[in-house]
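These are the structures in question, set out in turn.
The same subunit A turns up in both complexes below, where it pairs with subunit B and then with subunit C.
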Partner chain A sequence: MIARERLNQLKEKFGPAIQRADLPGDSRLFVFVEPSALKAICQHIFRDLDARYVTSIGLDDRPCSGKFLVAHDFAFDRDHLLCSVLAYLPADNPKVDSISDVVPGASWAEREMRDLVGIEPVGHRYLKRLVLPDGWPDGMHPLRKDVPWNHVPAGYDEEREFTFDEPPEGCMVVPFGPFHPTLDEPAHFRLYVEGEMVRGCEYRGFMVHRGIEKLAESVLTYNDIPMMAERICGICGCVHNVTYAQAVETAVALRAPPRAEYIRTIMLEIERLHSHLLWVGLACHIVGFDTLFMQSWRIREPIMWIAEKISGNRKTYALCVIGGVRWDITPEVRAELRQVLDKLEAEWRAVVAAVSKDKNIQKRTRGVGVADMTLVKNIGLIGPVARAAGADIDCRRDHPYAAYDRVDFDVITEFGCDVWSRVVVRMKEVFEAIRIIRQCLEKMEDGPLQVPIKDELPVGRIGVSSVEAPRGESHHFVITGENNRPHRWRVRAPTYQNLQAVPMMIKDQQLADMTISLGSIDPCFSCTDRMETIDLKSGVTKVWSQQELESMTRRGKA
Partner chain B sequence: MSVLSKLKEAVICLRAGRVTLPYPATARPVPEKFRGRPIFDAAKCIGCAGCASNCPSREILVVDLCQEIRILQYLGRRCTYCGRCADVCPEKAITMSHEFETATNCIGDIRQRLDLFMSTCQRCGRCFKEPSHLEQLKQKGYRFDDVQNERWVLRSQAYLTSEAAVDDMKIEI
Partner chain C sequence: MKLAWIILSALCNVAIVLLVAPFFQGVLRKITALIQSRQGPPLWQPYFDLLKLLGKEDIESGQTPVMQRFAAYLSLTTVLTLACLMPMGFPAPLDGAGDAILVIYLLTLSGICTLLAGLAAGSTYSLVGTSREMMTMIALEPLLAVAIVTGAVHTGSFRLDTVLNGSVYASSGFPWSGAILLGVMLLSFQAFVQRVPFDISEAETELMEGPLMEYSGPKLALFKYAQMAKLVIYSALFVGLFVPWGSALPFPLSWLIFWAKVSGLVLLVTLVAATHARYRIDQAIRFFASLLVVALGALILASYGY
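This part shows the complex of A and B:
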C-alpha cells in the first residue's frame, strides 16, 4: 500500500498538522492539513519525497463548509500515485502561504487562484494579474459562488493600462505577438534583446476567456460538460473529454465497461497520431522547410477521415459521457483502421529515415531551446519536453487509465534537452501510438459501451485524473456537487506548465530561434486590446485605443 | 549525409503525387455517421423537451403558448453538432444530417421552429425516457424559455419575469 506508506511518512514528520486523509484506492491520496503547515508539507513532498508538481486549485467552498479550500496536486510517478494536499481557509480574508519559492512551477496557478477565487498567496514574489482582463475591477473574483455565471461587473475600466515590467539594462524590447505568423493563437511575449541575443522576456497571455469552468459549475450538468470540455483545445480535445469523464468516474467510484476503455484508448491514440503529425509539420514550417510540412499533413489526413468515420467528426469526437463512450468501433471500421495504420506506418518510416539525417533541420534545432532536468523538475514540465530531457515520465504508464494497463508500449526518452530531441521523441511516439491501437483492436472485447447509472452521483467527492495528452499531462480535478453538476472542476492543460518554462528556454539564445523554441513545446494558447502603428515618415508612435480601433473598423476603413 | 536525405524527401513528395481535393467545386462525400446540422421532424416529435433539457449548448427552446400548443425552437447559433439531442430523443425525431456548409449571413436560415399540437397531454415530461439517471429531465412540466430573446430559462416556471434577459449574443436575424 504505497498510498498508506506515503501518508505514514507525512504523519511521522508532521504529526498533528495532518488533520485527515482519504485513500480511495492505492493510486489516489487526499491529505487535509493545517493551513500553517501547508507550505512545509508541500516542500517535503516536492523536495524530499521527490514528487512532481502538478497544479494548485482554489475553491470557494462557503456554501458547503463555510470556508475556502486550497489544494496542491503532486504526482509520485514511480509509485503510480496522485496526491492532493488540501487545506481549509477562513471565509473572511482567505490567505495561504505561497509555495512558489520552493515549487517555482506553482507561480501561475497561485496567481490564477488569486485572480479567480481571491485566495491571497502570501509571500508570492510576482503578484501581477494573470488571468483576468486588465480592466476587470479589483476585488471581484468570478469563480466565487456568489458571482452568477452571467454577471457583468460594474466598474469595468476599458482604459486601464497594463504596466509592463522594466527591461533589464542595456536591452531593447522586441514585441512578439499577440499576432505573429508563427503563433496560431494570441499570446504576447515582450522579448528583451541585446543585439541578436534574447536575455529574457515577459509573457502576457490569457487573452481569450470562455468561462468554461464557471459554466460547468453553475449551468451545465454532468453529461453536458464532456461536449464543452473537448472545446478547451483545438487539437487534443478528446483528451479533456476523457480526463473529465475519468475524474468524475474516479470521484464516484464508477468504472466504464472494458470495451469503452479500449475505445477511449484508441481514440486518444488516434488523437496523438494526428497531433504529432501536425506538430512535426508545423515545426518544419517554422524552420522554413515547407516540403515536409505539406507531406506530414498529407500523411495525417487519412487519420482524420477514419476519426470522422468512427465518431462523426474529424476533430470533435464527442466521445465520452459519464460511465462510458457514445461511439462503437464496428468490424468494418476496425479493418479500415488497420489499413490506415499500415499505410501511415510505412509512410512515416520513410519520413523519419529522411529527416533524421537531414542536416538543415538539425542545424536549426540542435542546442536550441534547452530545457534540462533541473527546469523539468522545478517548473513541472511534462510530455515530450520532459522526455526529451531524459525524464522518464508518461501518465499512460505511470498513472494508467482506460486500457493502458493492458497494452504494451515504450516510453520514448531522449537526452539532448533541445528542440531536436523533442522532434525525435515525437517522431518515435507515432510508432508507439500505432502499436497501442493495434493491440487494442486485437484485445478489444465485446460488451456494453456504457454502465447504467441508477442513482444520483454522491456529493462532495473529490476525483483527479491525469491523461497523457500529445503535449503532456492533462490534469482534471473535480469535486462533485448538487444539482447534477460538479461543485468545482479545474482543468490544467499541459501547456500551462510548459509555457512557464519558455522564458528560461529562450534565454541567451538567438532571437531567430525564439519561434521554434516556443513551437517546440507545441503551445496551445487561447485577443487583444490595442495596436501600435508607427508613421514611418515622421517616426511618431501612436498607440491606438480600443475605441479608436472599433470606430475605425465600424467605418470600414483604416 | 544530407544530400541523401534531401533525395529521400524528394522521393516522398514525388510518390505522393497530387492529393489536393477540388473542394469547394466538389466536396468529398461524408461518412455515414457524420454529424452535421440536426434536422427536426415535426411529424414525429411529441414535444417531450428531452432534447432541450440535454442540449449542452442550450440551443433548443421550448415555450407553451397555451394548453395545446407547444413551440420548440432550434436556434442553430452555437450548436456544436454534438448529436446529444438526437441521442436522447425517444421518438427519433432528430436526425444528424450530412449538411456541413451551413455558413450564412442570416442566422434565421438555420433556425427551425416546430409548432406542436399537444392534444390533451398534461406535459408532465414523462414521455421522455431518460437514458440514464444523469439525463434526468430537470425541467419537467411547463416550459417557458424566452423565445423572444432566444434565451433558455434555467428553471421551470409558470411565467416570465419582466426584466430583459442579458443579451449574450446580438446576431442580426
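This part shows the complex of A and C:
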C-alpha cells in the first residue's frame, strides 16, 4: 500500500497539519491540509520525497463549502501514485503561500490561479498577468462561480498595454511572434539579442484563450465535454478526450469495459504516430531540410486515412464518452491497420537510417536547446524533452491507464539533453507505438464498448488522470458536481510545463537555434491557451476595424 | 556597323537570360518536387508567378521606400549587365568593354543590393538578415576573386575572353591550382546562388525572408527575377572558368553544349539543396573561411606556375 505509506510519512512529519486524506485506490492520494502548512508540505513532497510537480489548481468552492480551494498535484512516478495536496482558503481573503520559490515549475499555474480564480499566491516573485488579456479589469476573475460564462466585464480598457521587462544592457529586442512562419499559432516571445546571441526572453501568450473550462463548468454536460476537450488541441485532441473521460471515471469509480480500453490505447497510439511523424517533418522544415519534411508527411498520410476509417475523421476522433468509447474496430479495419503499420514501419526505418547518418542535421541539433536534469526536475518537464535528458518517466508505464498495463513496450531515453536527443527519442517512439498497436490488435477481446450508466454521477468526488500525450503528460483534474456536469475541470497540457523552460533553453544560444529549440518541445500553444481559431465569413470584402472585431467577439450569445 | 552588332548581341544575351532564368527555376522546382515525392508545379509556373507579381499593386512600405525601389531596380540591372559580359556559347558581347575585375565588382554590387534592401526595410528581422548577408559576402566574394586572379596569373591577362576560357587550367603541366579551385567552387556554389544549405540570410523559418521581407508585388518580382537570373549568370561564369571545353566548336554546337553544361549545374544545385539542412551562419562562415585558406594556397601554387 504505497499510497498509505506516503500518507503516513506525511502524517509523521506534519501531524496535525493534515486534516484528512482520501485514498480511493492505491494509485491516488488526496491530502487535505492546513493552508499555513501547504508550502512546507509541498516542499517536503517535491524535494525530500522527490516527487514530480504536475500542476496547481484553484477553485471557487463557495457554493459548496463556502470557501476557496487550492490544490497542488504531484506525481510519484516510481510508486505509480498521483497525489493532490489540497487546502481550503477563507472566502473573504483567498490567499495562499506561493510554492513557486521551492517548486519553480508552479510559477505559471499560480499566476493563472490568480488571474482566473483570484487566489493570491503570496510571495510569488513574478506576478505579471498570464492568461487574462491586457485590458481586462483588475479584480474580475472569470472562473469564479458568480461570474456567468458569457459575462462581458464593464471597464475593459483597450488602451492598457502589457508592460514588458527592461531588456538587458546592450541587447536588441527581436520580437518573435505573435505571428511567425514557424509558430503557426499566436504566441509572443520577446527576445533580447546581442549580435546573433540570445541573452534572454520574455513570453506573452494566451492570446486566444477560449474559456473551455468555464464552459464545461457552466454550460456543457459530462458527455459533451469529451467532444469539447478534444478541441483543445488540433494534434493531440484524443489525448484530452481520453484524459477527461478517465478523470471522471476515476472520480466516480467507474471502469470502461476491456474492449473500450484497448480501443482507447489503439487510438492514442495512432495519434502518437501521426504526431511524431508530423513533428519530425516540421523539425526538418525548421532547419531547412524540406525533402525529409515532405517524405515524413507522405509516410504519415495512411495513418490519417485509417483514423478516418475508424472514427470518420482524420483528426478529432470523438472517441470517448464517460464509461466507454463510441467507435469499434471492425475486423476489416483491423486487417487494414496491420498493413498500414507494416508499411509505415518499413518506410520509417528508412527515414531513421537517413536521419541518423546525416551529419548536416546533427550539426544543427547537437548541443542546441539544452535542458538538463536540473531543469527537468525544477520546471517539471515531461515527455520527450524529459526523456531526452535521461529522465525515465512515461505515464503509460508509471501511471498505467487504458490497456497499457497489458502491453509490453520500452520507454526510450537518451542522455544528450539537446534537440538531437529529442529527435532520436521521438523517432524511436514511433516503433514502440507500432509495437503497442500490434499487441492491442492481438489481445483485444470481444465485449461491450460502453458501460451503461443509470444513475446520476455522485457529487463532490475528485478524480485525476494523466495520459502520455505525444509531447508529454497531459493531466486533468475533475471535481464532480451537480446538474450533470463537473464542478471544476482543470486541464494541464504538456506544453504548459515545457514552454516554461524555453527561456532557459535558448539563453546564450544563436538566434538561428531559437526556432528549432522551441520546435523541439513540439509546442502546442492551443493546448496551453485552450483556444480556438476564428473563422471569418467569406464572400464579402470588408475591412474590420479593431473595435468592430472586438465588439463582434465580445457580443456573446446570451 | 560593329557597334550595332555589339548592341544587338548584348540585347540578345539579356533577352536569353530573362527568358531562360524562370525556366531553370521551374526545372529546379520540378526536380525538387520529384525528390520529395510530390507532383510539383508545371515547368512554366515561375513565369506565371513573376507575371502575377508584376501585375500587383505596388505598395511602398518599410523605412525608406526610395532606397527600397532603388535596390530592386539596381539588383536586376546589375545581373543583366553581367549577362552582357558573359560568354554564352559565343564570345561575350561586351568583351572589350570591361575586364574580369569589372565582373567581380558587378557580382559584389548585386550582393550589395540585398544589403540595401534589408537596410531600407528597417525591421529587426531584415537587419539580422542584412548582417548575415554581409558576413557571407565578406567570406564568399574573395573565393571568386581568387579563382579569377589565378586565371589571370596563368594567362597574364585580365581580359574577359582569356580569363573566362578555362584560364585556371592554363598552367604548364598538371593544373594543380585549377583542380583545387574547381573543388572549392563546387563546394561553395550553393552559397553564390543563395540556395539551401546556404540560404541563411533569408531563411524563411527563421527570418521570414530577411532583407526581402518588406517587398511585395512588382518590386519583389524584380528581386526574384534577379535571383533566378543569378543562377544562370553564376553557372555561366562557372562554365567559363572551369568547364570551357567545347566552346571553340562552331556556333550552334558550342551554344548547345554551353546550355547543357548550365543545365547540369542547375541539376547539381537542385540535388544539393534537396538533400541538405540549412547551416547556421557561424558554421557557414567557418566553412567559407577554410575554403578561402585552400583557395589562397591554390593561388600561391599558381604564382609558381603549377
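One rule holds for everything that comes next: the second predicted complex is superposed on the first by the 525 of 558 C-alpha atoms of A that agree within 3 Å, B and C clash if a C-alpha of one lies under 4 Å from a C-alpha of the other, contacts with A are read in each partner's own complex, and residues count from 1 in each chain.
Simple rule for what comes next: a contact is a pair of C-beta atoms (placed from the backbone, for glycine too) under 8 Å apart; a residue touches a chain by one contact, two chains touch by 3 or more.
No experiment lies behind these values; they were computed from the predicted model shown.
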item	value
Subunit C versus subunit B on the shared subunit A, clash or fit after superposition	fit
Subunit B versus subunit C as contact partner of A:360, first or second or both or neither	both
Contacts of A:154 with subunit B and subunit C, given as first, second, both or neither	neither
First, second, both or neither for A:227, with subunit B first and subunit C second	first
Touching partner for A:180 - first (subunit B), second (subunit C), both, neither	second
Touched partner set for A:291, first subunit B, second subunit C, both or neither	both
Between subunit B and subunit C, more extensive residue contact with subunit A	B
Which superposed partner A:351 touches (first subunit B, second subunit C, both, neither)	first
Which superposed partner A:511 touches (first subunit B, second subunit C, both, neither)	second
Least Cα gap, in Å, left between subunit B and subunit C after the two complexes are fitted on chain A	5
Subunit B and subunit C contact sites that coincide on subunit A, given as residue numbers	291, 294-295, 298, 358, 360
Subunit C partner contacts - residues on subunit A that touch it in the complex	172-175, 180-182, 193, 196, 284-291, 293-295, 298, 358, 360-361, 363-364, 510-515
Subunit A contact footprint on subunit C (complex, rising order)	32, 35-38, 124-125, 128, 131, 196-197, 199-200, 203-206, 208, 274-283
In the complex, subunit A residues that touch subunit B	150, 152, 219-225, 227-228, 231, 291-292, 294-295, 298, 301, 305, 308-313, 316, 318, 321-323, 326-327, 347, 350-351, 353-360, 450, 452-457, 484
Residues of subunit B that touch subunit A when the two form their complex	1-2, 4-6, 8-9, 11-13, 16, 19, 30-35, 54-58, 80-84, 87, 96, 132-136, 138, 154, 166, 168
